[in-house]
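Both complexes below contain chain A, partnered by chain B and then by chain C.
Now for the complex of A and B:
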């Protein structure tokens, strides 16, 4: 039953693998200067990021706000006080985390 | 003495250090091109031998000179038609017995041969003694020992080449084929009889090749000999007579004689250490090629390959992205400015093209790592062992041990790319298995197919997402294997098949320089081929999805909506102190100003630098800047209005794009196909998405998004858009769509690579045609069949999975009638060469 063994071997290849999408996720956030932050998302291959989940967390990691990229691949939220971070979450291996201190006006 | 340039060929088996000898002789003066009409790389260089200019051409590394593989044919044709004045035959001195097999065939071709005993240092280290002088006397041709890696022996080699090219060999060495000799002589006379043909080929060589039933030799004869048919008839008769007389076929006799002679020469001129020590390589092989440990090691290595190239490479790609991003914005700056609704053609076409190219360039880090790791696997000597372990499995499906690499690159486990996969089939020496691999490699799960899978799974199989992913990731292999077998039993039946002769070279520690050079060479080749193709394809696709343009009525409608947005904004302007400072025709400029400022600050995380950029923009246009950066009460108010204009513009542009796409040539084709594809559950919208995905693979998800027009209000994802937009769409539809996507050709660049590797447009069209039809057939089976049986999506999924596994097992059990029986002895000698 060598054949079966080989077959199992091949299945094993597949099992151990996870999925990866190699188009790179892109996200940039801008301080609008009116107490709000707007993030723009997308992918390196030009795909729209519409519908991608966005999470805003405070310095301690508590979730302040959750939402999704809109049809224009944008997401706006009120600028939190103190430390915060924004996560663009397009699935396993496709997350971008931006720290609040790096978001400038 | 003439100063004409000497043409010299460098021949040798793989792993004999041919490249180091080539570099040693030519230094940096090299030139890489392709052999005419094929993709085999042709490297040539120059050096001076005793003051005479020599052009050295590096022939592909081959074990033999049959016509099984492209490499062998290329090497043989070069010797035959370009008629080099001499051949330098590089042989691994530590592994001479096997290397001599090629040497004997080179002598047979009637060109003066310098036998170069390379890797003398390795031989010495292993206590192997080679009697170079004895060999020289035996062959009647010069024999020169070298250590290519250290560059020693180069002057002697050059001198030998110069002397041989002038004087010719002391005597022509010929293999004595014993009882076959009279037959060889008779055919030799026949083929030499025609004076016109006599110069076209060495007659003894051709006679032997004809007796070996070499297909290419028969073609050669037919081309040059006026009475080819009669000669062939005579050859057949003689072959038959020899077989009855000697009890084995002429080709087997020839191969046996050569092998016997190699062993004989080896015994006479090579001394091996008395006590046969097991080398380190042998010890390692007892693990690496072990029945149980072998596969485990293989899986671990593949896992590492995957982790480093795809996972780590994906991270690197992300870090490198700003480079490609800035390339995009740089081009954006050069092109004419954008319009409110429509951009100038030059801009939209230019940006489309650049984006298509950067989408591919983004994969470079992944490919670079992949190519480097493969170079390590090759240089270390593991690659042939991997092929050996998997050969038995793949053989059952008409593939070859060396099909492993192409299938991995294509994405046996999700995350490959068909382009390098098809490129990598070059190494498969078996023509039939090579074509079968080329034809099934695009069925693997290339990266570009994944976004579509993800969309469909999260929309329709959300409760079984993990299992659905496993299904699609593994079912492709269970479809590809039976298909490969079916192809090799049908359309590929008459293709030549070669025995699995794979030498297990001793393990080497790969050098950083060698690995780097190889990876860079391959990346460069990849970039050159793909980028040029992608540019051409991008232009065509652009035309197909943008023309014909929307009707006048629709354009006027959009223009009216644009004007309304501008008017609304102007009404706001007039309420503020900006009245009179911003005119209606400034609105577009203001929108673009805001866009430019944003992209200037993209990626800037330091307030000081952001301030500098702000200052620059403030200086360029203080009025616009005041609005964009919300200066004062009026600025704030107007900024809000500006946001409205910007959003309206984005929405209008998006809708226009989707609408134009539906009316375009591609869109019309999608509608035209609906009657056919409805049985597979595809409506015209999906047809359009699939057509555009083939044109430019990364489009599949984006196009579905565009088609399912997620409208401005409220947002929502593509999945939600699909769920809402297609009420009758069920998981069964989604399953059929996923399977079609898995089977049908991934993209145009990959198809062009098929064209390059098969060197035939017919094969390219065949591969596109059969994959599309197969995809459609499978989708129809699943959709229509599933509906008739009343299966749910998940049930249909596992029923189909079972069917595929059954087909795989069934196909594996069909014995393969092979032409392999014809191909002489040595059908399986994977361990050959290790012991010596």
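Now for the complex of A and C:
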């Protein structure tokens, strides 16, 4: 029974993620080299990411900072020490997670 | 006397056949659909790309920049003229000058569309006694977020695509509008050429062998005309780079007291489905 439940969840997840294709979330972050990080986001159809929630977490998953994409679909924050990740959260099936180790100049 | 006439006719035929391929500002960069932002290298040569023919002196550079836009954010102008370097370029049977430009990641790191605009100086075509200036565009994308690819760049004359010019499959129809001072050019004559010899960035030369063979001169430069609203359509038959040049559509018609053909050029790249 548990297996069926999991399978259904998986199917549901696949359905949701395939719906995202026409409007998939895209986000990329850069190390500005001055102790700050800037993330830029958007969608594959060109629509704005302004107002999309941004969360910065440390390696253990604790929230370090929360904010929103500005009018230009950008979000900047101080570069955390150690491991971290950034989540671009435009709702279910519209999330992008970027690991700190992949954020370079 | 009759002999003389024949000789003249023969000379005329040779002179004409020498012009079977069209003049094109080639503005090339290895990839226009980039997954991530990174350095972008360019080679810019005034030549005949379908046959890697004669290299011409483009008469210097007036401007080189990119118009960047991500989604519906504010467009930005990125100045690029400072990155241009004069280089010696070699085609199989012709040598000449061209330009390279290595644009660092910092200028092209962001996701979105980059409309690269290159405005050369004036080339004097001695045989015809006319000047030529080809205002050239290439649209690149980083990361898949579209931007201003379908927007006019505000040039004196230009070709504005109606299909994403960096996301073309082989066999797609390239549709675009020819504009002069922002207005459609009905019946504009547009030449189409395939970049038949791939540029070698290390050697600053092109491959000796062409990718395709032409069965007849008529296939080297294809000619299409814009409709009554300035729209052109062209089915792209093969993967690779395709150049479109709208001839004499610009508002400036004279330079140095001589006739000027101010042309609008755009380059697109088609990719095979596999």
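Keep in mind that, in the parts below, the second predicted complex is superposed on the first by the 83 of 105 C-alpha atoms of A that agree within 3 Å, B and C clash if a C-alpha of one lies under 4 Å from a C-alpha of the other, contacts with A are read in each partner's own complex, and residues count from 1 in each chain.
We adopt the following convention: a residue touches a chain if its C-beta (ideal position, glycine included) is under 8 Å from a C-beta of that chain, and two chains touch if they have at least 3 such contacts.
Because the structure is a prediction, the values reported are computed rather than measured.
*Asks:* For A:72, is the partner it touches chain B (first), chain C (second), both, or none of the two (neither)?
*Replies:* both
*Asks:* So, does A:26 touch the first partner chain B, the second partner chain C, both, or neither?
*Replies:* both
*Asks:* Could you tell me if A:34 is touching chain B, chain C, both of them or neither one (first, second, both, neither)?
*Replies:* first
*Asks:* State whether A:44 touches chain B only (first), chain C only (second), both chains, or neither.
*Replies:* Touch status of A:44: both partners.
*Asks:* Can A:102 be said to touch chain B (first), chain C (second), both, or neither?
*Replies:* Only chain B is touched by A:102; chain C is not.
*Asks:* Name the chain, either chain B or chain C, that contacts more residues of chain A.
*Replies:* Of chain B and chain C, B contacts more residues of chain A.
*Asks:* Could you pull out which residues of chain A sit against chain B in one structure and against chain C in the other?
*Replies:* Residues common to the chain A contacts of chain C and of chain B are 24, 26, 28, 30, 40, 44-48, 71-72, listed in rising order.
*Asks:* Help me check something: in the complex, which residues belonging to chain A touch chain C?
*Replies:* Result: residues 24, 26, 28, 30, 40, 42-49, 71-73 of chain A touch chain C.
*Asks:* Name, in rising order, each residue of chain C that touches chain A in their complex.
*Replies:* So the residues of chain C in touch with chain A come to 36-37, 70-74, 109-112, 143-147.
*Asks:* Could you pull out which chain A residues touch chain B in their complex?
*Replies:* Touching chain B from chain A are residues 2-3, 5-7, 9-17, 19-26, 28, 30, 32-34, 40, 44-48, 50-52, 68-72, 91, 93, 101-105.
*Asks:* What does chain B use to touch chain A in their complex?
*Replies:* For this pair, the touching residues of chain B are 295, 298-299, 302-303, 306, 310-311, 313-314, 317-318, 321, 324-325, 355, 358-359, 362-363, 366, 390, 392-393, 396, 412-415, 447, 450-451, 453-454, 469-470, 473-474, 477, 598, 601-607, 610, 614, 629-630, 636, 639, 647, 650-651, 654, 698, 701-702, 705-706, 710-712, 714-720, 808-809, 812.
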